[in-house]
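Each in structure tokens, the structures are laid out below.
Look at the two complexes coming up: chain A is in both, with chain B in one and chain C in the other.
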Partner chain A sequence: MVGLVLISHSRKITDGIKELVEQMVADKVKVVSAGGLDESTLGTSVEGILNGINSVYDESGVLLLVDLGSAVLSAKEAIEFLDESKQNNVVISNAPLVEGSFIAAIEASTGKTLVEVNNAAEGTKELNKLG
Partner chain B sequence: MSNNINKSQILQWIKAVSETIKENKDYLTDLDAAIGDADHGINMERGFSKVLEKFDSYKDKPISDIFKAIAMTLMSTVGGASGPLYGRIFRKMSVATKDTPDSLTSEELYQALKDGIDGVMEIGGAKVGDKTMVDVWVPALEVFRNELGNGSDLKTIMEKVVSEADKQVEATIPLVARKGRASYLGERSAGHQDPGATSSDLILKALASVVE
Partner chain C sequence: MVSSVTIKITNKVGLHLRPAALFVQTASKFSSNIKIKNISRNTGFRNAKSSLELMTLGVSYGHEIEIEATGSDEKEAITALKELVENNFNE
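This part shows the complex of A and B:
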């Protein structure tokens, strides 16, 4: 099953998203909150993201959901630190962090592939919230 | 006069960078407060004080391993975008110096720094004129290359590199940012010196201070 790693400058943001998606999918999806430099400092940590990826990795792959700036840079750098065999199996999503993570978790819980999960997550860019 | 930088000078460089970042912590943060998230000095100081804290763990290793240790430390302790970016410079320098454990020629130093900033441009996507650290590194390293061609010694090369870097830092003031946090401010980012360009200038100055 596709794993999800949530990355933001704020651990509170990624902890909150993790809580939100787990309410939907319970423990059916492997989700890691890898925001913040640490629990209380704003920032991102390449090492923290790398550990997050490795902790949820299996051959189905891992989707990284990011917000802005160094979240993207640190995610890219973390992928380069992975074993080469894993690198092609880890993708940074261009989805909005909250909405994308929510949809990605639902899709992942139904056993979709990494490409399918990412397409669904990125599709939330077009979501019409005001219906 | 020399055409080499040895390992002990590289270690001095790292110490000098840590010192100058510490001294300029508030200055860098103030620059960042104007057009960013007011944390550049704090982040860089946190990263480089950790680099200094770990000094004994890498000081006896080959140059490549020293750069690698610094890269990993910066990437995991700086926090902002400068963590992965400066970390990447040192990581690329580590790869470039695999076969030169004790000392680098001027050419080898140039190539390592060039690989470093190329790596930054590759991952961050910034080009010259986007109001980032790239605005300092690229022209400064062009000067480095030209001086190598002129057969200058390393001390002279680094003096000219720093003089170019100083000029380019100031040249970031009127620019509108196209990368990084400041880019969200659009036109309002003009009129302020770029913090990342400023810390890059400090790092090059520190390098110039240790070569002979």
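This part shows the complex of A and C:
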């Protein structure tokens, strides 16, 4: 099953998203909160992201959900530090962080592939919230 | 053949959050094509196995939905989804 790594400049944000996602899909999806430089400092940590990826990795792959700027750069750097065999199986999503994580968790819980999970997550960009 | 059911949503949050996840997970267990529409909002049919498409229906408390399934396990699929909704998503 596809694993999810949540990356924001704030650990509180990724902890909150993780709480929301786990309430929805219980233990059916592997989600890691990898926001912040550490739990109390704003920023992003390549090491924290790398550990997060490795902790949820299996052959189904891992989707990284990011906010902006250095979250993306740190995610890219973390992928470079991964074993080569894993690198092609880890994707940074262009989805909005909260909405994308939400949809990705549901899709991953039904056993969809990494590409399918990411397509659904990125589809939230086109979602008209106001109906 | 086609199996379908029309049913009212009676859980508080509607088809959002955990109920939405459970609905998609349950639909995904069946091989049949399963579609859903929100009668109360006069929407078209959407893929019941896609959380993203489900979100576009905006199904809330009190809304009436129609679920339609086509395939070898369509009856079982409709029964399972109907029960899920009737049991208020086991809340």
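Methods note: the second predicted complex is superposed on the first by the 131 of 131 C-alpha atoms of A that agree within 3 Å, B and C clash if a C-alpha of one lies under 4 Å from a C-alpha of the other, contacts with A are read in each partner's own complex, and residues count from 1 in each chain.
Convention: a residue touches a chain if its C-beta (ideal position, glycine included) is under 8 Å from a C-beta of that chain, and two chains touch if they have at least 3 such contacts.
Given the structure is predicted, the values throughout are model-derived calculations rather than measurements.
Novice: Once chain A of both complexes is superposed, is A:E19 in touch with chain B (first), chain C (second), both, or neither?
Specialist: Neither partner.
Novice: Once the structures are superposed on A, label A:D58 by its partner contacts, choosing first (chain B), second (chain C), both or neither.
Specialist: Touch status of A:D58: no partner.
Novice: Quick one: classify A:N128 as touching chain B (first), chain C (second), both or neither.
Specialist: Only chain C is touched by A:N128; chain B is not.
Novice: For A:E39, is the partner it touches chain B (first), chain C (second), both, or none of the two (neither)?
Specialist: neither
Novice: Just chain B (first), just chain C (second), both, or neither: which does A:S109 touch?
Specialist: second
Novice: Look at A:G48 in the shared chain and tell me whether it touches chain B only, chain C only, both, or neither; answer first, second, both or neither.
Specialist: After superposing on A, A:G48 lies in contact with chain B but is clear of chain C.
Novice: So which positions on chain A get touched by both chain B and chain C?
Specialist: The answer is that chain A has no such residue.
Novice: What residues of chain B sit close enough to touch chain A in their complex?
Specialist: Listed in rising order, the residues are 39, 43, 72, 75-85, 87-88, 123-124, 180-181.
Novice: Can you tell me which positions in chain A touch chain C when the two form their complex?
Specialist: Answer in residue numbers: 20, 23-25, 28, 102-103, 105-107, 109-111, 120, 123-124, 127-128, 131.
Novice: Where on chain C is chain A touching in the complex?
Specialist: It comes out as residues 17-18, 20-21, 24-25, 28, 41, 49-52, 55-56, 58.
Novice: Tell me, which parts of chain A touch chain B in their complex?
Specialist: Where chain A meets chain B, its residues are 9, 37, 41-48, 69-70, 73-74, 76-77.
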